[in-house]
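Shared between the two complexes below is subunit A, which has subunit B as its partner in the first and subunit C in the second.
Right after this comes the complex of A and B.
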């Protein structure tokens, strides 16, 4: 940490020195330019100038002096402006240069840039979505950008969370992002909110912003952010990504008050029911491809810029685009599909006339988002007799069975690794056999009669039953291991349901804590991913 | 990966995210017509458990348009999915 702080101090000092140097150079260059202009007007034109002849010989003297008088007159106010710095131009000189490439587009123009500069945007979550989104918004010159996140940067974030860096692992994500964003565009005011959003704090944070980006990673935060935006009348740009899929919606646009059917739908209108908690997969468990989440974050920035710079037609505010759900599926063709959404749901609990969610309900904390979305208790499916610690299993492999005291080795039992195949291929314990949990979990238990396959299942289950058949061919004890020690318990249960323990004659158990415990207690070289 | 045009008497169904993981396919063709209210039962029959684990929280679209198809009291329960239609099952993705 000390090294990080020192390195940052040094970086800041270097940047400040460079900045000062640039200011100096700029002042000199501007001074030189003014001098040059003055000289050009007063001295004879250069002989290489094609106008030279005309100006010197072809134009009558009185006309010539008139022309110069006009030119001089025009030049005067500019010099005055530069000396007293009062706004002759709506943007600062550096802003014209910095934003020039977007300023010259009719979609943005001067008015659009001024709207961006006066906007206050909140980015909730500074991870795979929030990093690219914030980078483009800060780059585009949004005046104020707030950043909400309670996490710290981890090494496994860096492949996709592009504002963070190797040197800033361990720093809060908000502070790390501020370092990067500040060096990208020092004109933007950044506001840190180093915390995890809660129902009690959401309103007080959101109310100071014009528009909110949901860049979070849980169902509970998605409902909380949507509800808060509806209550406060803020448009919400919501995106998500997992593995190779992404989704994007501009919600509550226009942000009419709850009950007003002209307002845009909210998150609850599209997804009224949260997914069952056991089906919710995080990027840590399911994986995420950097550019997939990057694309979604960049699109959030784009939609935000579109909403903020929308031109008014006459005196009427510009009509909002019809609501859509954009689906990104990186390995499909086409990669993008745009779904037409409906307006607000007549019975929506957040944005309809029948809404039950109010600011009081939210701030009192009586709305339990965690409960609404459910949570999974740590799996505790087995008895202590069915579980073995990583250390005991290591001893068993090296010779002594801690249960029976008999001499043993890795060949007189079967070690089943139930991680998915791609993880098994990354690293595995020597001699282990891979049966992916996805295969185990869709194998019907014995409650279904194995002689009458369930309808439509014939193309799904035939191959998968093989693993059970193969395990029936020996009577060796079975040990099951997975990444963390959850799926292994469920697999042991399933194996017993299938009768693989021969009514208790054969030992089937799991390794407590999975390969994580194996790495921590037995084999420190075993890769962590 | 783009599903081929549905054969005569069928509609296409696309499975996204968790729906694709559960069914182990990105798309398939199913016999048409089907009433929207019967779609979930049809899928439950083919993929036991999908109703509770996936469909209960999904958005359903027909020809790129959001429809409210879940359950008998749904707004579009009476709608009929016709031959050649493209249905999509879209679970909420919440990671980021």
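Right after this comes the complex of A and C.
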């Protein structure tokens, strides 16, 4: 049976690799076809065109160029630039039509549209924020949009990363986004940067753009992007989202040189020190609601358009808005809140006169952003004797004790699942009992003095102790499982602190690798989420 | 805690910090008007008060580090960054709205 499963897994992996390859070939072929069509359109021989004679000999020049513009309304920017020299209007005919609804607004107008068209914007991260942000910027006619991302599209991205599609799972996010953006607005020049941003490459990529959007998902990338923007004098539109909350800031606005206190604050001014790594929660662990991150990405596009089209008053450049942090909380009322932020910090290591971060320091690679932000060491809280593999646990459930080889009753142990209730309800191992890790972690261990419960929280306090009390009713061995095998270790430790192992007489241990290992080694049908 | 010598304030948690505070986002509190040494209650005292009397979660390090709010948490006093108001030395006033916001990094 195991051999069959292995063989099937291998076949699936091979097919998936082939499929991924096909996706890439398709993207390439489609791209080549588009290129060819462009060339054909440019070099269309006049003699094959039934309108040829009339257009060349019977029609006034102005009218002729207009007709050609209509016939060729999907023309490429280069062609537009050429015909612009001849044309009467600052924008192409198709541009008037395409952008008409925003052109007639005083906030944009002709000058705004021309500014957008001549702007070069870099979107770093083509995920939940970057997809909607790029879609609206490309839709609005920003002339050049660069896309930075080193990841490939995964199925679990699709509920929020709206530029990608089911068929493009496995393709790089940058290529997938380019397919969607190109079909949305072929007039925009898209520049792919299929890589993960590093200190060594950031400056050379950023320097070709006017404004940067931080659509990434780690503290390290946020500091790197901010530092690079300060060094190059680029305004930064930064957003983030998790679960039901989002945050948005326009930083380094105006982008005055480091040391100039009139410039807007940078990310380091607002957050001089990174958060402890154990407090950083990813969307994969904490969850994310699609429209929440979507709202934040759309707001990034909005702020970008506002900055790019800001009107000068007389000869003075337009003053920048005072720095604020916009907080979005989907389940609060009101949902939006704007907070006044500080100005540049006098001792900021990036943007002040005392800054220590320079282009040389950055490009030398001597700034280790990953180390600056720290990382969580893999949890290794238990001894090998306190851990059991998923396979061994499966044997134990089938009645064979994996340690002694003796046959025993399958009901002779307790399986505790410490995932949060909402995850437990999605899927669980038969017979397991749910004690959420959040409940375990707020139960004071023996080393801590229990806090005096304040009025109103008594119910919760009783519940917290209840699980331990219940586990004291029996002496059956306890196995603890979680999603990946981290929280389960901490729970085993806590149970022992609470004396549930009766001084070593009762076995308490966890399943190594958690439910992920259970799915990989024992039950391939167990859902992956 | 409820006495004449108390300052009624609203405290709010956002960006996931509410998880450390029994999943309750908003608290109406009566803060003693003086700290342990008899000085007027300031934000530093409020932070200690929250940690000792309101926070049930034993993971104190996710809220406090080196005697002050840990890096990655913005403190907002009446909708403004506390850096504009004197940071933790700001003396808490009746009716103040003090918000603790954890930075998010997801995207």
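Of note:
Methods note: the second predicted complex is superposed on the first by the 426 of 529 C-alpha atoms of A that agree within 3 Å, B and C clash if a C-alpha of one lies under 4 Å from a C-alpha of the other, contacts with A are read in each partner's own complex, and residues count from 1 in each chain.
Just so it is clear, a contact is a pair of C-beta atoms (placed from the backbone, for glycine too) under 8 Å apart; a residue touches a chain by one contact, two chains touch by 3 or more.
The structure presented is a predicted model; accordingly, all values stated were derived computationally and were not measured.
In the model built by aligning both structures on subunit A, subunit B clashes with subunit C.
When the two complexes are overlaid on their common chain A, residue A:215 makes contact with subunit B and with subunit C alike.
Of the two partner chains, both subunit B and subunit C are touched by A:282. Using the contact criterion defined above for the overlaid structures, shared-chain residue A:445 touches subunit C, although it does not reach subunit B. In the superposed pair of complexes, A:341 makes contact with subunit B and with subunit C alike.
Once chain A of one complex is fitted onto chain A of the other, the partner contacts of A:240 extend to both subunit B and subunit C. Contacts of A:327 after superposition: both subunit B and subunit C are touched. In the superposition on chain A, A:127 makes contact with both subunit B and subunit C.
Once the two complexes are laid over each other on the shared chain, residue contacts for A:293 go to subunit B and to subunit C alike.
Of the two partner chains, both subunit B and subunit C are touched by A:274. Under the contact criterion defined above, the residues of subunit A that touch both subunit B in one complex and subunit C in the other are 125, 127-130, 215-219, 222, 239-243, 245-247, 270-271, 273-276, 278-283, 286, 288, 293, 325, 327, 329, 332, 337-342, 438, 444, 454, 457, 460.
Against subunit B, in their complex, subunit A makes its touches with residues 125, 127-130, 215-219, 222, 239-243, 245-247, 270-271, 273-276, 278-283, 286, 288, 293, 296, 325, 327, 329, 331-334, 337-342, 438, 444, 454-457, 460. The part of subunit A that touches subunit C in the complex is made up of residues 125, 127-130, 214-219, 222, 239-243, 245-247, 270-276, 278-283, 286, 288, 293, 325, 327, 329, 332, 337-342, 345, 438, 441-442, 444-445, 448, 451, 453-454, 457, 460-461.
The residues of subunit C lying in touch with subunit A in their complex are 14-16, 19, 22, 25, 52-54, 56-59, 61-62, 65, 70-74, 76, 79-81, 83-84, 99, 101-107. By the touch criterion stated above, subunit B contacts subunit A in their complex at residues 1-2, 16-18, 21, 24, 26, 45-48, 52-54, 56-57, 59, 61, 64-66, 68, 88, 90-96.
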